């Protein structure tokens, strides 16, 4: 059975087979052999390659909230067909823009690119100063700078779109 | 014994260190005056001080770094002394002079000693004169990019850029090749300017796989200069300390005495008074090289306090009041081992990005031999204008192994919700076998981060697996085995961190 | 070195001591199993343990005191050892035997030693044989009210009734004259029965103005018996300790050695193993008299830990695992001074009435040399079924004065809202000049309470005055002077406790 | 000007004279000379016999909440005439019953009186066991036991009436 799990805005396809506590999952190109056991309401004990994990799974407004280790993840799980219908083809259907949004509030101290520049993955796009740190942001993939929406000295809020690369 | 009474102290700082100083004042019956920028009205130091006064807009350059405002508030509030904490104006000789001119006791060294030692290039000149070994580099700040390039070619790459007036890793950059030099200079100068109000930087040869080990000193106005042993500060990211401990796993009594003697010699030569720290690089052969002097209290001072039993902030206030220390080097004794972990508002697995925002849940670790020096509380909003340090978690143990076990336990108890913090990476470092074995240098964290990050990635995959299996089951594939009868009544906490792993 | 591996411990207790044991387990990589009554599902020890199992209805006689249930849970959970904490079954030889019969290591002394020492009357017989001085009284429990009356006339009034199997002041009553005897016996027996599952009591002559000073001992299975110095426990209300400290302000090194030697002699005679405490009365001439032995960890063990650096719960687990202590009496060193304040859910100015209920706000004291061992948290509802101890606040200082100053600061920081606690009275005791001077006996608190209470009454009147003046002003009598310009911008915290008083 | 302050169910008459920060208050038969100053919104600095108090006075649903020292008091303050009208004569008008209500939840372990007993101030009425403590409750004034509403072994809640003395 195929599912699509959406986590941090990224959709991943997960295939599950097996039953009675022994499962095989395909996820991110890897195959995971999992021994799973429900030890109490919503608490799963997972054995993977001999390593034991305890995951606490609760439902919050239709999404799964998973507590494992010291981390909490919010994950949307849908049966794959339903996901494809809902998104009309899924993530693969869109055009490959790369949008740099401010991941934190701060002040732009340096902008390294202008519209029309060709950039390759790893090139510095700009620097945001926050909490006395100069934080460099780099291009994730190669492309051409389509928009630069900020300039040095400008304060930005988390989520503001800063640079768009085509 | 008091030669100069201190009855009310203005704390020219914010965050956990301001709280630390306020507590020391209270324990000595001294009133405390806090200052706050517009972003800090609800900061813990404001809530805890006896009085608190606003000093301007959020940027430190318009508030915490404005000497005139601080002196004016101190005078208006009737303070007779000023404690600068660390960072901001703590190593600014002009501030110390302005306090003295206004009749305020500056809780720190005399301005001349700050100038002689606080300026890293001047301190290097003194150390050279005393014959203390040191790392090759410039003895003056570099003026222009062109000059920097010329000197850099002489020293050779890789090299370090360091802030002349700085400390705490701010304004520090590693430059591996000449093409990186210009950008690195710009960022180092920007950081140094923002952090210390002075953007001068200097260059130093890069030492591979060094340890960063520093010696705490105390000097009174009556000629006594003592050292309180060393702190190991090699666990760093972005050249900023993350975990410190005392004693260092590589320093024995003989080496401690040699480093301590060198530190006291430098302090005496500079006419140093009050608490200070002499930083050394230690190479894999245990040779130590003078690096710089921090003319102030260090962030990591608690680990020295825990092993010596000496309250450094109390001693700072006593020294400033012109009291003699009243004990000698032979009276300093070390017991057990202490470790400090810095809990910063940063996302360790997201490129160490700062993580300002509101703390919606906070439960601190407590219990035996656990100390928390914090500037945060539940409901507090971490502003975006200042450094990321929220709290310091300090533990003591009878030996280093016991301290590590205790820190593991304490980090597992500590929970902060609402913002990202360094807690998860601290837990992983402390659990690392090389950390436990004492096998590390300042490169340690950079080297192990990829492995730690991939372990986090695995955790993310496990979370996806658990979520998918829960949905699989919900859709009618109710094939998971029932809980066994023996544990049917058991209640287990699924949120445990770290040590439960099989 | 481990002779008998301990990998999973059932903690047969609740509250702060269960949390203390869970933490010690975690620091040694030992799994912990909590038990809880229906009233304790949300108690902190349940939230912190690795596993937790219900053991019945709220009354301790149906849950925490039911040996069969505890042993069954330990076996079902796969525990290999049981830690009893203090109170409940901690000094119950039958429980230790039941654990042994089930193949569980009991973290405490062997049943024979519990019988010999835990029964206060049997312990008194042993001490008499060893020639350790003691207070006159019965060497057997008193059977009937008639027998009690006859013996009481022999001993003379005033006298003390004490629980034979007890400790912690429960089941203890002062009887000033014969007419009070019957009622006092009834209440002492009820309390003893409820607290220890055994209502036997004995009689002892009353010593005026004594100090209560006790000696901590540690004994392993390999013949090593050590003492860790004394604890001064004279600050009591209702014969229950409220503030403890180490060292005692009246004990010097010679007296410490003499008391320690007597304590070790008693322990050796009884074949004692694990941690224990030998209690003494000390008269104003510093003569000490054997009182009883507590065959368990004491509530106040942290003050000994803070001055010796020895983790007593860790040592208990090591000893139970049949490891040798590995150090000798000469290795025990004392540094500085430690004080513990008990934060109880009681109304100190309302006749010490218990104050169960929901804690709507809690901010614990933290910072340098402040330790909190707590079973409470914000949102926790204190049940009405168990004793009133919520948390212990412990501080360390380089000397007694520094420790008192630090405790003053810490109590001022500690805030609990929603229920009454002992914090206000603790703050007043610690600020009292006789406490600072070390001038006190077990009568101290009873003697100063009227003055403290009238000071509280004054505070109440001040509150009424402030409220009336506010209303007076609201009604148009706006005659209060304006705030002066200098402090117009100041923000002051009006909730400060204690030290702000002019 | 006369006020009635009600605190913990007890009504006390308070008389105020003076102005400009110097007041004389009569309260509980004592005269208090008070130097008062409003240092900030709702924060009063009071000097009484040379001792300085800082009281934080806030309004909560018509009552004064006063924080002073480490204590918080809830106090109802009314102008005296208004209080007398509202209570139709005030506290003095009622009949002098003495009612022992349980101040805390617990279990009755002993009842020392029966209906008709004459008691004097300080006589034990009953014992409540709570939090492992036996808490004795005594008569506040002399009188005759009119009602005993509980018996040994019974659990009681805070506020339950236990004994009434006429």
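As written, the chain order gives the labels A, B, C and D, with residue 1 at the start of each chain.
The rule is short, and it goes like this: contacts are C-beta pairs under 8 Å (C-beta built on N, C-alpha and C of every residue); 3 or more make two chains touch, one makes a residue touch a chain.
Owing to the predicted nature of the structure, the values given are computational and were not obtained by experimental measurement.
Peer 1: Taking the mean of the CA coordinates per chain, how far is chain A from chain B in Å?
Peer 2: One centre to the other, that is 32 Å.
Peer 1: When the centre of a chain is set as the mean of its C-alpha atoms, what distance in Å lies between chain B and chain D?
Peer 2: From the centre of chain B to the centre of chain D is 52 Å.
Peer 1: Averaging over Cα atoms per chain, report the distance between chain A and chain D in Å.
Peer 2: 61
Peer 1: Which chain C residues reach two or more other chains?
Peer 2: Only 412, 487, 490-492, 496, 500 qualify.
Peer 1: If each chain is a node and each touching pair an edge, is that a line, ring, star, complete or other?
Peer 2: If you draw each chain as a dot and join those that touch, you get an open line.
Peer 1: Under the stated touch criterion, can you name all the chain pairs that qualify?
Peer 2: Between chains, contact exists in these pairs: A-B, B-C, C-D.
Peer 1: In the complex formed with chain D, which residues of chain C make contact?
Peer 2: That would be residues 170, 183, 186-187, 190-191, 194-195, 238, 345, 350-356, 384-388, 412, 423-424, 427, 456, 459-473, 475, 477, 479-483, 487, 490-492, 494-498, 500-502 of chain C.
Peer 1: What residues on chain D touch chain C, complex-wise?
Peer 2: 1, 3, 5, 7, 12, 14, 16, 19-21, 23, 25, 27-28, 30, 32, 34, 36-40, 42-44, 46, 48, 50-57, 64, 66-71, 73, 75, 77-79, 103-106, 109-110, 124, 127, 129-135
Peer 1: Okay, in this complex, where on chain B does chain C touch?
Peer 2: So the residues of chain B touching chain C come out as 19-20, 23-24, 26-29, 41, 46-54, 76-77, 302, 305, 309-311, 313-314, 333, 335-336, 363-364, 366-374, 377, 396, 398, 402, 405-406, 408-409, 412-413, 486-487, 489-493, 496, 499-500.
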